[in-house]
Amino acid sequence: MSGFNKVVGSYEEALAGLTDNMTVIAGGFGLCGIPENLIKEIQRQKTKGLTLVSNNCGVDDFGLGLLLGERQIKKIVASYVGENAEFERQMMNGELQVELTPQGTLAEKMRAGGAGIPAFFTATGYGTPVGEGKEVREFGGRKYILEESIRGDFAIVKAYKADPYGNLIFRKTARNFNPLAATAGKITVVEVEEIVPLGSLDPDQIHTPGIYVDRLIQGTFEKRIEQRTLSQG
Amino acid sequence: MSGFNKVVGSYEEALAGLTDNMTVIAGGFGLCGIPENLIKEIQRQKTKGLTLVSNNCGVDDFGLGLLLGERQIKKIVASYVGENAEFERQMMNGELQVELTPQGTLAEKMRAGGAGIPAFFTATGYGTPVGEGKEVREFGGRKYILEESIRGDFAIVKAYKADPYGNLIFRKTARNFNPLAATAGKITVVEVEEIVPLGSLDPDQIHTPGIYVDRLIQGTFEKRIEQRTLSQG
Amino acid sequence: MALSREQLAMRVAQELQDGYYVNLGIGIPTLVANYIPPGMDVMLQSENGLLGMGAFPTEESLDADLINAGKQTVTMVKGASLFDSAESFAMIRGGHVDLTVLGAFEVDVEGNIASYMIPGKLIKGMGGAMDLVAGADNIIVTMTHASKHGQSKLLKQCTLPLTGKGCIKKVLTDLAFIEIKDGKFYLLERAPGVSVEEIQALTDGELVISDDVPEMTFS
Amino acid sequence: MALSREQLAMRVAQELQDGYYVNLGIGIPTLVANYIPPGMDVMLQSENGLLGMGAFPTEESLDADLINAGKQTVTMVKGASLFDSAESFAMIRGGHVDLTVLGAFEVDVEGNIASYMIPGKLIKGMGGAMDLVAGADNIIVTMTHASKHGQSKLLKQCTLPLTGKGCIKKVLTDLAFIEIKDGKFYLLERAPGVSVEEIQALTDGELVISDDVPEMTFS
């Protein structure tokens, strides 16, 4: 079997080595494109004290909200966390640390982490609470703040299709943070809807090359919809 | 006609507004994926004093080498310029300024320019002539230098296919610096092998969204090969 | 009379141009899409990774993998493209989006905006708003001119934590269309039937009023 | 006897592991691809935007759009992927490539490397070499141990402008396989028939020699 075959046999194996107090970067936007089965497996394994880096934190009974319910999350780095009652309760009680990060800065921090760029300047957050304590520098007459990159012990990612080497294709807006998370994990675990034979993906059309992927598993997905809006026409 | 139709009628129109002493960012690696007809049009227009940002500088009679021949280039920012006799002559004579930039740093400078990131830290070049005069900072026990982004008055880009809105697809290693250059031009001009009808490109498979593209033209390409190497089997 | 939500959207839509790439925030800004002038093409950017957002789907075309930044199911128009969140904010931060429309709690005469956080109340987060206000040259803030209790939202200085500093140049309220320049509010237009005096009374920051402030028109 | 170019490539190939993503520089490093041990899968990264580089093409499969970092026409293996130059160097800079092999003019006991510029001679540029040495944890430098005039290339301190500072840990020369650690060269292996004394005589930086330095073997 090729050393490039990333396919593992179970969700347990997919998350082997994940231990208490680790940092986990998760793909997904709202409930769209979240690694829902990997999250359930973390819930099952009862790993505690986790730092989660994810744009949102799910809802009470789905996505990362499940890990809140079990008090497995110590800290969350996110841009928007508004749809979750248990989240509010834990934050208000001081049980949960929350580091609010602008959405674009969060995306860029993940990309930079994966790309070996330790820090970058951005105008986002200058003069706001986000900029407090951060270095300010002027370039071309405009003020920017210095933001540091993020890496995770694990990254958990949801993709649409993969070949056994871990080359990934995402679908529609389920792409979102997933390709960025994939680059930023020391161990990157990906769950997909379909594993296709090697050679069946067009090399020009691969969104995430397999070099970023350590473990791969095929799952079935509920794909819950948060705001089911239909046209009235 | 839609305001998003980027197609222009001629190469002259494609480069309208390009004047002496401007900065032009060009895609391509060696002679692969270079905007060969746009370069020829710059030669025809005799624009002088240009600063060219491109990984390489073509060969004597093809690619950016043509602009050297006409002494249209004042300065070049590149990572490798080894295949060009006229280049050597002008550099040795001090007629041409050369700013050597590591290939990965050059790519990242273009991306940062397009992405509104004025500067980033990288380990590349620390302790070398490239790092001289640049700020050094330690992150996690390692030393990095601060590199600033690049933007161009114009970007000239070669893609494989485009729809009229300027959504682009590149082919194989002719992609290289082209998608990065496309983001970093105040005016981005793209020449392609084929303009396909709107709606015929899969939105999931577009490499460069049309928002980065200002003008689009279909051309015919020589695609000269620099090192024609064949297997002996 | 104060503008309705629909009229606010209609007035913003008058600022559109053919070929504009536009990011519309949640709430009133979203309604702008309903009033794009006929014959004009505008592409909507949704910061979760979609350029060319279309209408809400039908039951048949509903797709859990295709949502907008408000997490609502949507569709794509012809010529749409999909990308990751870093690319999406590269567009925004790099100034490639032609117009951004978003709501706010407060703006002030220095172009500061506060829109994401009220101390003591639950903090939900800034989402993409800080990136949007820092990245765009051309921003229109839509909001009510004053609170229900009559307190001005156009201030000398914002009182709430900022979303962005010195980045707002245009504000459309239910009473007025205002430009921010040189540390002052310039009254460009009045809502139909609203007097300059009413606007002045509800504007905390310095308001510059020309001799003739036209009423907004809605055709 | 000093190693041939092929033997250098063969010895480097012994450092490969199944599942390694590898970047091979121009020259001797390129030859390593010919000696990948049977049953072992290695993917070659070419920094111009290709992961999974294959052999040179036939006349029929020749494609001007598919070249390697040396600008030679190549092919792709099954499972290959293509990407832009920023993504390519994100892989390299981010430490995702398992092994990098490249040539040099000089290395020194501090792990410094000089490989791109000889003052007074024509400067062609560093290409991707500075990114590669700064980005990879696991680098093997291949070069001759000394110049044609017998001057050591393994120095106390590099004399030429550096390509990278403190980033080289392993050097394979035509005479020896050497590890750089704590400001010293450690002699790990000798080329067959080459004595420790010969190596010592041609090594300028401090060389640590254990009691028994094995000869390289080539099966």
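Letters A, B, C and D name the chains as they come in the text, with residue numbers starting at 1 for each one.
As a working rule, contacts are C-beta pairs under 8 Å (C-beta built on N, C-alpha and C of every residue); 3 or more make two chains touch, one makes a residue touch a chain.
This structure is a prediction, so every number in the text was calculated from the model and none was measured.
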item	value
Contact-richer chain pair [A-D vs A-C]	A-C
Option in B-D, A-C or A-D whose residue-number contact pairs overlap B-C by over half	A-D
Subunit A and subunit D, separation of their C-alpha mean positions in angstrom	35
Centre-of-Cα separation between subunit D and subunit B, whole angstrom	29
Distance between the centres, which are taken as Cα means, of subunit B and subunit A, whole angstrom	32
Where subunit C touches two or more other chains, by residue	82-83, 89, 92-93, 135
Per-residue multi-chain contacts in subunit B, two or more chains	108, 111, 115-117, 122-123, 170-172, 175, 203-204
Chain-level touch network, classified as line, ring, star, complete or other	other
Chain pairs that touch, as defined at the top of this document	A-B, A-C, A-D, B-C, B-D
Contact footprint of subunit B on subunit A as seen in their complex	108, 112, 115-123, 137, 139-140, 142, 144, 148, 169-172, 175, 203-205
Interface residues, subunit A side, partner subunit D - complex	2-4, 111, 113-117, 163-165, 167, 183, 198-199, 203-204, 206, 209-212
Subunit A partner contacts - residues on subunit D that touch it in the complex	17-21, 40-41, 43, 45, 51-52, 76, 78-83, 86-87, 89-97, 135
Contacting residues of subunit C [partner subunit A, same complex]	46-50, 55-59, 62-68, 70-74, 82-86, 88-89, 92-93, 112, 117, 122-131, 134-135, 161-166
Residues on subunit A engaged by subunit C in the complex (per definition of touch)	29-33, 55, 78-82, 88, 91-92, 98, 100, 102-108, 110-111, 122-130, 143, 160, 170-180, 207, 223-233
